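Consider the two complexes below, in which chain A is the common component and chain B and chain C are the respective partners.
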Partner chain A sequence: MKKSKTKAAASAGRKSSKAASAKTALPKLNLAEGGDGLRQALEILRDSSQTVDKRLEALRVLQSASFGDEQFDAVRGDFVAALREVTEDKEVKLRQRALGLLARSQDSHAEKVLMAGLKQPEKAVVPAADALHYLSYNLHSGVQSLARSIFESSKDQGVRQQALRLMSNDPQALKTIQKTLADKKETVEIRQTSAEALHALDPTAFQKWASKAVLDKSEHADVVATSLTALQHFGDAKAIAGNSALRERLGEITAGKSAPKLKRMAKMISSKYGL
Partner chain B sequence: MIVEIQINNSLQPAARYVTWAWSPCLARVSNPAGITGTQVAIQLNQTALAGGGALRFSNTASGSGAATLNMTLPKSGTSVPFFVRGTTASNADPGVQIEAHPASSRLVVGSVSVMVRIRKSAASLTTSERDRLVAAMATLNNQGLGRWADFAGTHVQAGQPEAHGRPGFLPWHRAFVLDLERELQAIDRSVALPYWRFDQPAPSLFSPDFLGNGSFQGPGTSAVVFSATNPLRFWKAGPTPGIFRDPDFNVNAALPAPMSQAAALALGNPGALFKNFRRMESVGPKDYHGDAHTSFSGPIDSIPTAAQDPLFFLLHCNVDHAWALWQKQNARLDPATAASFETVVPPNRIGHNLGDTMWPWNGDTNPPRPNFALGGTMAPSPCVGAPGPKPKVKDVFDYQGSVNLVNNLGFSYDDVPL
Partner chain C sequence: MSPTLSQSEMREAQFAAQVDEVVRNARSDAQRTLIDLCDERNAAYVDQPASAVTRMRGWALESLCRVAPLPDEGLPFVLEELETAHDPYPLALAAWCLRTYPQPLASFGPALSMASRNAQGLDAPVMLGVYGGAGPAGSGNTSPMREVDATIAWLGPNGVLPAGSCCPELPESIAGLFRRKVRGPAANRAAVDRVALQDHRGETRSFRERFRGQPSIVVFFYSRCDNPYKCTLTLSKMSRVQAILEERGLFDRISTAAVSYDPVYDTPERLLRYGRNRGFRIDSEYHVLLRAPEGFDVLRRHFELGVSFFDSFVSRHRIEVFVLDGEGRVAFTFQRLNWSEEKAVDEALALLAAAPKSPVTAASAASLAGLAASLVPKCPMCWATYMSFLGVTGTLPVLGSVGLKALAASLLTLHLLLALWRVRVTGWHASHTLSVAGAVAMGINLVNPVSGLAWVAVALMMIASILTVRRQYTA
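Let's turn to the complex of A and B:
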């Protein structure tokens, strides 16, 4: 384990599990009342000699039972223990599933494993973007303070996007988010994630920025569309109605040669706010 | 002469929505100018508008009704009751105009527009229906500050015994989905919550313009990708913005080897018993409800976080759709019919018996209920009175008022007749 932790390995694991997902991989489980089907599923999940598809299928049976099967309460503790074991498994897909499930219930073992991987990449059991995402379910896990430095140092777009999402809870990250949003050298995806982060952190600041972006004729069409979407659905009616430059620009977009989606949105905003 | 028409016994525009169920209506002469004698004969008929749809009228809340209705209205202005129901769903508001004519002419002396608002398969929505739903969801979420947070915060582990693993699973989730739908309708009256049929392909549902799809980030993180024009890209229901959902199946197809709807409906056999049918919740290895949740990696795959994802409500709308189909097929709409529910001695846990009120709408935070109850009472409807602010389990069975019109909850499914 801890050898095939790259994204390529992750993708490969995913493809293989998808290809096999149509197969009924499990032996017949006795899931009737009083049966030992859930314990059987736990054994398969833990058993590294089984195929990954069988183990994922066993995990799905257990997860499904966790929704409502009264018998699940009897194995709940063992289920958590099995998931913790699987966080160290050789199969990345199983590690991801287990860590995701545990992190969503703010499991301290999972958080420790994930934090260790972020601080010392050689210890990482899942890609950094995943670790950031899983840790985001507990903002008190210490991940918040790491997000800004990871954002600044990483070249990985997925990691940077996930760091931006975490930074949306951090008032000290406001300037970095605003700078990233305004930086036309950043990719559209990073800028759009910055827009979402700023909208969450400071909706008023984002509304102001979105109005300016719409006025900027050199702005990327997708960034303009994202800005128009925010104005249309979350805009301050008074501020928008009183913005004559915006009104004029929306008229230009509607009448000009802009992409059809921009024209449609400009028209809808004008109609909504009586411009 | 002017004739005033009330839909759902109300003059409010917000009440002008009908389903397959009979809606009680009133007609009266509001201006008698030109009427000779003490009464006037009129005819109600209908004209399809841009939103489409079709209606049936009747003097009573029974039978199949007719496309027109002849009525006699007193000149005095006294209201005369009639009933209207939809037979073809609208896809926008307004859908159909009801017009009143004197029996002897085509002159329109009164009119009102209605929408036949029906829950449909998500895969069948028009672009406009999709966009209105998505916009209403985004508004209700309001970057994590809106009412959605109450829904996400209710479907958590502490609430699990109220809603899962026992006979109240289906009634509780029917109420939960209805409450959410009514909140969406308070934002946009034309919205009906669609259902996601797990056993059929729904590629349009998992697209960037609807509930999002794909990620260049690889497995695990899986923030779904939205188009620049989709307001759900600003979603926040968990600690960070974004919706995280990594499908384990090809979203252009149905779930791999799912329990089919037909198989789910057959779970009640033998005897078409509710206690058997409710096993669709989580009896594996392949089950109808649990398998849909666990076909993804992400918040939707576990109880504490599932309702953070808007897909949760389309998934549960389909679970409810299956229950509605099963109820119709087996005449299990009346909770007084033993096989419609699972009544046992000693009683089920509180919240799972027909006469129990349901948490959180009852506001009960005394043990064994959870020590919190978010969101207040059930959202009211301008169209119907049921199930009331603090619904009991038994209040959500007769959802179209088939047994008793007062039970009508104000929703219908496109393929489940009255």
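Let's turn to the complex of A and C:
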């Protein structure tokens, strides 16, 4: 499958989904009770001659049954088999749903398909950002090293952001994350995601950085807001209380022409830490 | 440099070919080779992601069960997967593999019972006979539930326990494969003694300081482990160990420690949170959660840990529990299968009972030698008294003033040596500071007598002696 085709399909999927939800709810399936009904739903899901909406509804029925329907254990294996089949379906919406569900249960086949798509985009069955998102469900999928290289090479900010999220549990990505956070040429979204990643990997380093970012008058307001939030919720009370420069800067923000959101946050921090 | 996925894929393909060759050639050592390949410590698993390790070990295990009936040495791997598998492929494979064992044993029942519970939530298509356990588009020829059901049927009446009985034990020849006494000193002892271990409060002490002076029960875990039957269960079981220690009045005589496999990620805060959430008690110096920010590899070699890594992530580990003696040496291990908390405490208690009392005697001897040195005369009056005594007893010709000083110096040297030996055994304590300070004061007084210094020296050494003995008995 070509990359362009994947993108087009993804876009078409989103459009058709919006159109469907605008018109009507998903169709009713008239299924039998209990296990027979679940088997009927499985047949509909597998049947590519059915409409996408009908197959999505069958998938919804099966998914909700998987959370506690006693009859479901008898068809669980068949459900996984059906989802694996659907990962190759021509409808991207179905592929996305199936891969998302399988990846959540750390299904080895789904992970193989997703990894293959990231390594060879012509084999991708879902957009790269989705693939990274699904693979993030399994910490041990081994995707982290791939995520690092995708982050460095991709031009797509959505993909890079998703790769960064994956890197937030990878100690080997620490330097890249710190570098990205400090790089004012990166987009605010990417830097904010880097901030979250650094907080997850090294909370102490992030606290230090957040204090510096608040002091930096040339820093973007949204990045300052992120830093203020971090100081407010996770700050080291002793270090903050003893930081006279920070106290002064918070006073400036509160009294100056900063955005109301920043002023409010600065006030809250001052009041919390008695500055 | 971190391994790339393409390198690991290439090595995985080579591994599969190597296993196939072992099977094809039916070499006499085929079973041994395949058993070695089931061990997660095998070099083949270095820098392989978890999914690859699952496929590789699965293929080695499946091949082992195809070349001949499953041997006893292969049972630990099979029973471990039945109890703890978190993936459909190894679970289905283990259930199938067990049926190749020469006879169904009633003691397989508990592991199969756990497998049956796990299989319900893990059921998915699995393809046995194919590398990786999956056919085209993830199709399969069996599933965990089918294989577990078939194995329960194979167990037949053996699996039905008489009313009121519980949990038949594995024959000792097999059980011994999961737990063993360890003899002989570890090769890298000096290196492991120096490894700095940071606890959940952020305090750092050396391995020697942590584990010398009392027996310890030590487990390994990591907070990012997503298998509920491994790390989470291990920590919960350690809280049970602590409860047993308390019931038996051993809470401050046997220590417990949980050490992270993932020292970079598992910060003190994460250790604390993970332990607390699983009931691990940390309200005493003797019960700690630890990480080795530097030197984890030394620990890994010392304990021969069954763990493999990819990048900075654990890709596979076995359950492992160690009982250490009062010298910090591994004396007993439990591996792979669910271990018994009572048995671990019994082993530690046996070590406590067998611990020699000599350290107390030696410690006291150090101070006694110092005290004896204090008896050597330091003032003109004392000298006269001693001289008179030696003269009356006829020993004066043997020992002159110089001889007495030499005797005092020898006793002080002996005192210092014994004190330093104690430092090496137990790590540095306040009592050692006092003891050495007393000896130094006494030495100064011998060379250049200062009024009252001898009594200060005697007092320091006596306090040191009392503290040492008190510490030994309260420990």
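Following the convention adopted for this analysis, the second predicted complex is superposed on the first by the 251 of 275 C-alpha atoms of A that agree within 3 Å, B and C clash if a C-alpha of one lies under 4 Å from a C-alpha of the other, contacts with A are read in each partner's own complex, and residues count from 1 in each chain.
Just so we're on the same page, a residue touches a chain if its C-beta (ideal position, glycine included) is under 8 Å from a C-beta of that chain, and two chains touch if they have at least 3 such contacts.
No experiment lies behind these values; they were computed from the predicted model shown.
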If chain A is used to align the two complexes, do chain B and chain C fit next to each other or clash? fit
Any idea whether chain B or chain C touches more of chain A? B
Thinking of the overlay built on chain A, is A:N30 touched by chain B (first), by chain C (second), by both, or by neither? neither
Return first, second, both or neither, reflecting whether A:L139 touches chain B, chain C, both chains, or no partner chain. both
Looking at A:N169 after the superposition, I want to know if it touches chain B, chain C, both of them or none. Which is it: first, second, both, neither? both
Quick one: classify A:Q192 as touching chain B (first), chain C (second), both or neither. first
By the touch definition at the top of the document, which applies to A:Q161: first (chain B), second (chain C), both, or neither? first
Between chain B (first) and chain C (second), which does A:T229 come into contact with in this model arrangement: first, second, both, or neither? first
Partner chain in contact with A:D130 - chain B first, chain C second, else both or neither: first
For the combined three-chain view, what is the angle at the C-alpha centre of chain A formed with the C-alpha centres of chain B and chain C, to the nearest 10°? 80
For the overlay built on chain A, what is the smallest gap between any CA atom of chain B and any CA atom of chain C, in Å? 5
Those residues of chain A which chain B touches in one complex and chain C touches in the other: 138-139, 169, 203
What part of chain B is in contact with chain A in the complex they form? 135, 138-139, 142-144, 157, 164-166, 169, 215-223, 227-231, 233-234, 236, 238-242, 244, 248-250, 256-257, 281-285, 287, 289-291, 293-295, 297-299, 301-305
For chain A, which residues count as touching chain C in their complex? 73, 76-77, 80-81, 84-85, 87-88, 106-112, 115, 119, 138-142, 144-146, 169-172, 201, 203
Touching chain A in the complex: which residues of chain C? 2-6, 8, 49-52, 54, 86-89, 120-121, 123-125, 132-134, 137-140, 143, 145, 224, 226, 264-265, 267, 269, 310-315
The residues of chain A that touch chain B in their complex are 7, 10-11, 13-14, 17-18, 21-22, 24, 26, 29, 31, 37, 56-57, 60-61, 63-70, 72, 93, 96-97, 100-101, 104-105, 126-127, 129-130, 132-134, 136-139, 157-158, 161-162, 165-166, 168-169, 189, 192, 196-197, 199-200, 203, 221-223, 225-226, 228-230, 232-234, 261, 265
